[in-house]
Every structure is written in structure tokens, then in C-alpha cells.
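You will see subunit A twice below: alongside subunit B first, and alongside subunit C after that.
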Partner chain A sequence: MVTDFIRAVIDGVLSGSVYALMAAGLTLIFGVMEVINVAQGILVILGAYLSYVLSVHLGIDLFAGLIITIPVMFILGVGIQWGLMSRLGEREKVSMSILVTYAVAIILEGALDLIFGPSYQQLTAWYVNQSMHVLGFYLPYIYVFGFLLAVVLLGALYFILYRTEFGRSLRAAQQNRTAARLIGIDVNRVSAITFGIGVAVTAAGGMVFGATTSFNANSSADLISRLLTIIILGGMGSIGGAMGASVLMLVVEALVSTFWSPTWATLVFYAVLVVVLAVRPAGLFGQKAVRAQ
Partner chain B sequence: MRSKVGRSRLFRTLGVAASAGALLAACGSSSSASTSGGGASSKPIVIGISLPLGGDFSADGLAFKQGYQLWADNVNAHGGILGRQVQLKIVSDNSDPAQAQTDYQQLITVDHVDLTFGPFSTLLTIPAAKVAARYGYAMIEGAGGGPTVFAQGLHNVFDVSAPVANAMVPFAKWLASLPPSQRPKTAAYPTSNDPFTEPQILLAKKIMEAAGIKTVYFNVFGSEVTDFTPIASAVAATNADVVMLGSVDVPTASAFIQDFAQQHYNPKAFIATGGPDQGSQFIQAVGQSNANGTMVPNTWYPGAKTPGSAALVQAYIAKYGGTASAVSADVAEAYSVGQVTQQAIEHVGKVNNQAIISYLHSGVTLTSVQGPVKFNALGENTAALIFGFQWVNGNFQQVLPLSDPASSGLQYPKPNWGA
Partner chain C sequence: MAILSAKAKPFSKGKAAVVVSAIAVIAVFPLIFTNPAVTEIAIFALMFMATSEAWNGFAGWSGYFSLGHAAFFGVGAYTFAIIANDYKLPAGSGLFLLMPVAGVVAMVAAVLVGLVALRTKRHTFVVITIGVFFIFQLLGYNLSITAGASGLQVPTPYNWNAATFNNPFYYAAAILLGFTVGLYWIIRRSAFGLQLLSIRDDEERAKGLGVPVWRVKLSAFVISAFPVGMAGALFAFLIGQIYPNTVFNPLFDLSWALMTLVGGIGTIAGPLLGGVVLESIQQYLNLYLSNADIYLIVYGVVFLAVMFWMPRGVVPTVGDALRRRRGARSASLVSAESGGAGTAPGAGSGASLAVVAQEGGK
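The block that comes next holds the complex of A and B.
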């Protein structure tokens, strides 16, 4: 019983870190720009495919490949912001941005399907199927490494947001774009870099996702609803909230799956969201909490 | 202040997103061939098909498309049917039952196709068959064998493959027949809540329990699950001798195998309802060493000795490349649909759905690359043979039933993962 409980918590924490990597960019982009990037799911899959190409065709290790894929995804994010999002009028920006990112998702999905076909792929490396034995529990290396990567990357994001000049500009834009402009902040530049960072982090999430799950271009459909749930629960705009909510959701799901039934695990995932929002409508770390950090 | 504005914006936004989604979904199906009427005898026979070329079943949808196309190519190369060429009009339903329903409605009432072939999966076949029945079309299909399809009471459905519920029976009976010293003591049954998987698992579980094999894990998980780690870990914790997984696709099967390997859990036998039958896709996902010893029930494999099977494999490799092992059973299922339809048309001497339906209900035995086909009143293929297949050192080979001369080389206990 105790062993099952500990194992479920370990599973939840390790899996949660993977989801945190995938959700961090989504919440960051919303926090600054009030854009719900519904292309996040397919960007995760794009990140997985980039790692796949580097690994299979160039023999580059999955984690080492992030040195290439993160900048590539950053440029793509800046490009989406500069080429599409910045051209939207302020009045209907929120609603139109959903349409635009949805279109981006459809285009990317079609392109990936065309290039790679519908066959499932999975990233491989020595650590994908191996695990370490700690106190009677097997901890898969890929999840442990993914967890450490999440801590490092989300820590770096936190540092950028709260300990740098750019972070101050970003948070100023997050609180009031007009006021930020008035004090000389180049809001468009901040937005472009933020979108770039948000998409860049997704490269890491995509790599770990692709190493733990078989994927094709259509795999994004199931992802986006879970990622949106996580950032709403954590508080839209909160990096720490994304991490906390991912871990909370996955731990709850693992416990329900172990002690009750997997049939109910997904339902509970969403039930937790409803309960938390009923008590804290802004999520665990809503806007107020984010700004107070 | 912001929250009120934000909330109003959010509702508007969700409305726009929903509308956009509906619009894009409506535009999502695309045709791969032009429509042609089928009235005059010189005109091609147009066959309308909706396939999941996107979404959860996209890999199977592609294999089905290949199977249908190979059959049409073969028929056309030999002068067509009754002297008429065959033309396929294939649209995509993106694995969505509602879209499948819309597609068949469109194919029949707008495109006026001559015949319809089935989509992929029990899930998509039900709405497709209902639409076809409404307009008096035969729905000849190869992957809608779940009991729920036949429970609809439709007179127009004909599944050329084996009824799904019986698929695991050869495996379960083989385990039950083992001497007590070799027979597994415990079994775990994680299964998705899919009409394709659950009936198979429940029937096999009953047979195995009757043979004294104790059930230590039985749970149903939703098809929307993306993280299988807690379920697989819970199965591994039971240390069951046998794992029977109710999966419809490669990602589910590979997620369980990956977790079992990570947990150093090596059951004596591992069989899945779907996934290991997907040829190279399965190998790519799990790796050859992890595939070794995994089993799957099916009615066909690339080495099958049935008439036309070798030619199908040859034609597949010539058109799509790869090796014989890469040819998915889906290809043969789709190909069989075409073969059965062709025999029916040639017998009745015309392209007439009512005549085809009557003929297929007449109790006649037809042939296909999957073996004999004979339909009962429900449209189930009562003559279908079901086999157990296993990956053995990179080869996908028939191992069950042991009484079949083509079965050989069963590995039990299976090798450890990675061995």
C-alpha cells in the first residue's frame, strides 16, 4: 500500500515535469500577451520531430540536440509573433490570436504529416529504456533527466523574468502594455522575444515527450486540452504555477489510477480543475500572485 | 476590472474558436479522386470511402488506403470488373465518427458513388454503416468487427475479417491447455474502453480464469489517456505472469512496453490486441529487441499462404517499398474488402447494392487473402480463421494455434525486454 503510494507519487512528479516543460511556454505567452497559443500542442510535436531528425540523421544525442533545436524554435516563435501576431489589431487581438494560432497549428500539422507521414516515431537513446534503482524503486533515466531539465529551464525562465532588466520590461508589459510603452519599453520587441522564449522551451518539452511516447503529427490533439487545463489550474501567466499544476495533476491522476481506477483518472484530472477554480477562480497562482512574485 | 473584461473576452474567444474549429473541420475532408457517375457500363465503378487519414487512427487509415489502392490497381490492370475500371473516391474523416457520418452522406447523396467500402475501426464503422443502410448501400468493411457493429441490426454490413470478440481465443485456449507446471498463475488485463478491445479481453479473461489463471489486475482506461506510466507501473507491480493489453494503436502498446522495460518487469507472455501487428511502425517505436516475443492476434501476416497473399506483398513492396515484414495486416483487410466485392459483382452481373447484399447473405463462401469468407445473418465472417502472431528475431511469424501446420517457433516464456 505504502509502496504503491510512493510509486504513484514518483510517477506523477516525474511525468508532471514533462508536462511542465510543455506548458511553460503556453503560460508565459499568455501572461505577457494574453494570447492563448492553441498551436502549443503541435509545437511540442515539432520539437519532437526536430530532435528526431538530429538524432536519426545526424546521430546527435537528444539532450545535446537541444542546443540546436531550442534556438531554431526561438526563431520560429519570433517569426510567428513578428509575421502574424503583431499584425493583429488591438481591439480583437485575443480572439483573433486564437484563430491565427489555430491556423498555425493546422499548417504545421499538415506540413509535418506531409514530410514524415502518419507513421509513429519514437526518440531513442540509451537512457530511454534504462532506469536507476533507488530505495527499491526503478526511476527511468529519461524521466529523471527530463525532471532535471525542467528544473533547470524553468529556473532559468524564472531568473530571466525576475532578475533581469528584460524580465522587468516583460512584467511591465504583462501588467499594462500602454503604461509600459509610455515609460519607453519596446513592447513589440518584448512580445517577440517572449513568444520566442515560449516556443523555445517547447523544444525541450517536445524532446522528452517524443522519448516517452510514440508520436506522429496528429498526436498534438490530445495534448492541447491537458496543457490548457494545467495552465488554467496553475494560474495563466505563472511559470511556477505551470510546474506546480503539472505535478499536482499528474500525481492526482497517478494516485487515482493506482488506488481507484484508470477509468476515473482523466475525469479526476478535470474535476480537480473545477474544484480549484471554484475556490480560487484565478488558479493556484493567478495573476495577482504572479505579479506579486 | 480586468477579470470581467477578460471573462467576456474569453467567452467571445471560445465562441470564435469553436466556430473556427467547426469551419476548419468541415473543410478538413479532402478528396483524392474525382467523382464519376456509374450509370453506363463504360464508365468506371466509383467506390466511396472515408478513412481516418488524420487523428488517432491515421497510421491504420494510411494502411487501409494502400490496401484499397493495391486492390484497385490489380483489378484495373486485369481489365476491371465487368469490363469497367474501378475508381476510388477517398476522403478523410480525421478519426472522427461524426465526420465519417458526414463523409458517407456526402459520398452517397452528392457524389452518387456506386458502392461504399468501410472506414477503419469499429468506432467509425457504426455511423458509416448506418448512413449506408439508410440509402440501401452495402457496407463491406474489413476493420469493423466489434460486437457493437453487429448489434445495430443492420442488414447491409459485411465484415470480411474475423469477429473481434474471438480474436484472443486461440491465445487464451493455448495458455489454458498448458500443463499445470507451465501454465501461468496470474494475468493482468489493462484495456482501453474501445469497442474493439474490451470484448476481446473479456472473453479471453473468462477462458483463462476458468483454467485457473488468477486475475491480478483488470482495469479499463479512457482512449484520451496520453500518459500511461501510472497504469503500466501498477501492472508491473503485480508481477503478473501474463499481460493481455487492450490497445488499438502503436503508442499505447509501446508506452506499456517502455515502462515495463524501465521497471525491469518481464512477464512470461505479452499480447496486445493492436500495435504489434503494425509492422515496421511497431518496430520503430519499441525497437527490435523489445519487440522480440510480443504477440498479437490477427487473421493475416505477410507470410500467409492464402491465394493472392504473396502477390499482394510483392505489389505492396513494388509500390510503397520496404520489406515483407513491414506490410501491415490492415493492408490485407482492406484488400479483402475489394476481393469480396469483386466476386459479388461478378456473380450478380451488375453493380447493384441490393443484389450484392442479397448475394452476400446467401451463405456463399468467398475467398480473400485473409482466407475464406462466409457471412451469417449479422454480417460476421463465420469462416474466418484467427491466428496468434509473434515477433521472433525481427520476423513476424504465425505461432498459434499450434495445431495449424503454418504455426511454428513460439517463444514461451518470451525473452526479456531488450534481449
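The block that comes next holds the complex of A and C.
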């Protein structure tokens, strides 16, 4: 009983860290641009397929492949911001951004399904199939490595945001776009790079997701719903909140799955969202209103 | 736009002619085109015209975009299947009477959803409706009453004449469409409709002017679930076998949003135009390409093209162009209209508020 409990908590924390990475990108994009990127789910799947192609067809290791896939996803993100999002009008921007990125998502979903077919894939490597033995628990290496990768990348994100000139511009744009523009910050450039970073994390997230779960193009619907739930619970635009909510939700899901039933675990995910929002419309960790509309 | 978002335009002779001829075409269509493949496409087109109209009647007029209305479609479909099976109802045209029942059950579901979801801001609302939708789909998969992934069989009227088998479904869909358009035509001309538009234009100011914002939003949300639930029941009857992922289908919401945006959000005719064109194309592609991927890509590209090049949709854009050519309006008004041609919802704010201040909010 106690062992099961600890086991579920460890599972939740390890997989929660990867969700934290994917959700951080999503909430970062919202914080700076007030854009809800509904395509984040399919971009994670795209990241997973990129790793799949590199490892199966070119024999490149999953983690080494990130050196290629992260820049590719970064450029794709900059492209989406530059080509589509920057051309949106200011009126009803959030709702329009949801529709535009939804369109991007179904185009990508159709294309991925066309190329790779509907059959489920899973990424393989030695560390996917083997486990390490710690204090009586068997932990698959991929979960541990994925956790470390997420910590490193979230650390890098923190460094960029709080210790660099660009990070200062980004946070200024997040607080007040107009004022940031007035003091000479190139908000369009900041937006493009932010979108790039927000999407680049999906390369890493997608790789770990693809190695721990079997996926096809349709997996994105479930994934994006979870990520959106997480960033709402965390308070939209708050990176710390997204990280906290990711770990919390994945732990809750693992506990429900262990002690009740895996079929209902996913339902609990959304039920928590509904209950929390009924009580606190700003989310669990939301400051009064991180960018209230 | 200013005029559009305030009082509805008077019903001109030209419009009446269009409406009468549309009714005539719909009435005789299955008598001329007897090929079952064609009538099936037509049934889906009518069904999606009606449901897009209902989606627009909430989302387009309140400014709250729902991506969870497919939950009500599924509730309607399951209500139909469960009642028909449990009471062993004979498979015949009497089953069409279950459609309003399914609609009412969908409305009850909408009350529960709306009580939570409508408490949030617009963008959170969109996301919450996605979450709520997945809750319903999961319930469909996991409850014993829905028989999970194996789905439910619906009684099929085998004794109907094969040649005209589709016709009862077709006319049921046509009546559903007529009812829905009539309903929203009346709402658009009522104080309630104006209050709804004033919420879209500026919710805080509407509240300040005495519009019972919460009650209006919730009522509009619940009303829009009625035609959608009925369409779900019709769908179940037509298809004969329902599964959680075919009736709780996330693509439905996307379709309704797309059809509405393409045709012209916030107009009566827009969702009808978008529905008939896009659903026919989709069913045609399904039938002859049997490739869902191509249509996903086509859908996405059309969606993007419309949002960037014709953000107000076909009906308002073309309507303005026609009016401009006829020169029926003063030049200043025309330029004011094209000036306000930002993204569709919320454009032309204030006009409906002014009207509400006069007569709507009591």
C-alpha cells in the first residue's frame, strides 16, 4: 500500500516533469503574445516523429537527435509566429489565435497521418527497455533521463528569462506590450523568438513522450487537452504555475490509476479542472489575474 | 457592421424570394435526385446547416466560442439509442418523435456544463469546453449504459422501401433546419437577441446597462444545445450504430466553427451557406476519396484562407460588395462599414449597446 503510493508519486513526478516542459512552452507563448497555441499537441507529436525518423532511418540516438530537432522546431515556431500569428488583428485575439492554431493543428495532423499512417509507433533505444533499480523501485531509464532532460531545459529556460538581456525584454513584453515597445524593445522580434522557444521545447517533450507512450497523429487531441488543462490550472501565463500544475496533475493521475482504475484516471484530470474553476476561476496558482482579459 | 450588429435589417422582397425558393428547392430535392448517395449527402448538409446555425446562435452572438457542442450532439445520439433500445420501440417513423426528447436531454446537459464553464473568461471558456467535451467522450467510453467502445445498435426500419429509404431522414433534417432557422430568426429580432449581442460587444458595459448577463449567456448556451441534441438523435437513427468517437467527435465543433466563419459569423445566412457548401464537399470527399487526411488538410487550409482574407466571412463581404455596387447606401456609411471590418466577433462594438440602452435592458 505505502509502496504503491510512493511508486505512484515517483511515476507522477517523473512524467510530470516532461509535461512541465511542454506546458511551459505553451504558457510562455500565452504570457507574451496572448496566443493560445492549440497546435502544441500536434507539434509534440511532430517532435516525436522527427526523433523517430532520425533514429530509425539514420540511426541517430534519441538524445543526440535533439541537437537537430530542437533547432528545426524552433525555426518552425518562428515561422508560425511570423507567417500567421503576427498578422492577426488585435480584436478578439485570443479566440482568433485558438482558431488559427487549430487550423494549423489539423493540417499537421492530416499530413502526419498521411505520411506515417494510423498505426501506433514507439521510439526505442536501450534506455527505453531497461530499468534501474533504486531503493526497491524499478525505474525505466527513459523516465529518469527524461526527468533530467526536463530539469536541464527548464533550468536553461529560467536562465534565459531571468539572466539575459533578451529575457528582460521578454518579461517586459509580457507585462505590457505597449510600454515595452515605447522603451525601444523590438516586440515583434521578441514575439518571434518566444514562439520559437515555446515550440522548440516540444522537440524534447515529443522525444520523451514518444519513448514512453505509443503514439500516432491522433494522440495530439488528448495531449493538447491535458496541456491546456495544466496551464489553466497553473494560471495562464505563469511558468512556475504550469510546472507545479503538471507535476500535481500527473501525480493525481498516477494515484487514481493505481488505487482506483486507469480508465477513470484521465477523467479525473478534467474533473479537477472543472471543480477548481468552479471554485477559483483564475486557476490554482493564478495570481489575481495573470493578464486578465 | 455597425448596422449589422444592431437592429436586424428589414425583410426585403428580394430576401423573401430567396427564402421561398430555398424552401421549394429543399422540398423537391429528393424527388429529383433519387440516388441514395446524393440524398445522403443532402441529409448531412441539412443537418450541419442546422447545427452550424445553432452554434452561431450561441458562439457568434455571444462571442464565447464553444468547442464542446459536440458533447450535446453525443448526448442526443445516446439518448435516442438508449430510449429506443430500452423500451424496445418499433423501428419506424415514430422514432423521429424521440428527437425533441434527445434535444431536451442535451439541454439538461448544457445547463450543467454552462453553470461551470460560463463562469470563466472567454479564452478560458474555449479551453474548458474542450475539457468538458473530453469528459463526455470518456463517459461514453466508460459507462455501462453506453456499452463503452462496442457502441450501441439503433433499430433500423428494414421494412422501408429501399429506393426511398433516405427520404424520411431527409425531411426530418429539413424540418430540423426550418425549426432552427426560425428559432434564431425570432431570437435575432427579440430583446433577448440584442442583449446577447451586447454581451459580445462589451460584456462589462452591457452589465452596467442592466442586461442580466449571466442569465442571458446561460439561456443562449442551453437553447443552442437543443437543435444540436436533436441532430445527434437524427444522426444515430440514420447511421444505425453509434460509438463514443463517432458521436462525440471533436471534428464536429471544428466544422461548425469553420462553416460559421466561412459563411459569416453573427449572421443568419452565413452558417447556412458555410454548412451546405462545406458539408457537401466533405461528404463527397469521404465518399469518393475515402481519405480523411486529405480533407483534414483541405479543411485547415480553407480555414486559414478565410480567416486571413475574408475574416468576416462570405455573406457580409459579398453583401457589402453588392450593396456598394447598387449604391443603395450613402458613401459615408459604406466607408464606415469597411473600416470596421476587423475580425468578425466584437467588431462594430457599441451599436447594439446603444439599442439595448434604449429598449433591451429593462
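Here is the rule we use: the second predicted complex is superposed on the first by the 268 of 293 C-alpha atoms of A that agree within 3 Å, B and C clash if a C-alpha of one lies under 4 Å from a C-alpha of the other, contacts with A are read in each partner's own complex, and residues count from 1 in each chain.
The rule we apply is simple: contacts are C-beta pairs under 8 Å (C-beta built on N, C-alpha and C of every residue); 3 or more make two chains touch, one makes a residue touch a chain.
Model, not experiment: these values are computed from the prediction.
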Touching partner for A:A278 - first (subunit B), second (subunit C), both, neither: second
Which superposed partner A:L84 touches (first subunit B, second subunit C, both, neither): second
Which superposed partner A:T263 touches (first subunit B, second subunit C, both, neither): both
A:L228 touches, of subunit B and subunit C: first, second, both or neither? second
First (subunit B), second (subunit C), both or neither touched by A:S119: first
Touching partner for A:V187 - first (subunit B), second (subunit C), both, neither: neither
Subunit B versus subunit C, judged by how many residues of subunit A each one touches: B
Contacts of A:S15 with subunit B and subunit C, given as first, second, both or neither: first
Contacts of A:S95 with subunit B and subunit C, given as first, second, both or neither: both
Partner chain(s) touched by A:S214 [first = subunit B, second = subunit C, both, neither]: first
Contacts on subunit A seen with subunit B and repeated with subunit C across the two complexes: 36, 94-96, 98-99, 102, 106, 109, 113, 221-222, 263, 266, 281
Subunit C to subunit A touching residues, read off their complex: 63, 65, 67, 116, 119-124, 126-128, 130-132, 134-135, 138-139, 141-142, 250, 254, 257, 261, 292-297, 299-301, 303-304, 307-308, 311, 342-347
Touch list for subunit A against partner subunit B, complex: 3-4, 7-8, 11-12, 14-15, 19, 34, 36, 38, 94-96, 98-99, 102, 106, 109, 113, 117-122, 124, 128-131, 138, 140, 143, 212-219, 221-223, 226, 250, 253-254, 257-258, 261-263, 265-266, 281-282, 287
Of all residues in subunit A, those that touch subunit C in their complex: 36, 84, 87-92, 94-96, 98-100, 102-107, 109-111, 113-114, 221-222, 224-225, 228-229, 232, 236, 263-264, 266-267, 270-271, 273-274, 277-278, 281, 292-293
Residue ranges of subunit B touching subunit A (in the complex, touch as defined): 2-3, 6, 9-10, 12-13, 16-17, 20-21, 24, 53-56, 58-59, 61-62, 95, 190, 193, 219-222, 224-227, 229-231, 233-234, 237, 249-251, 254-255, 258-259, 261-264, 278, 280-281, 284-287, 290, 417-418
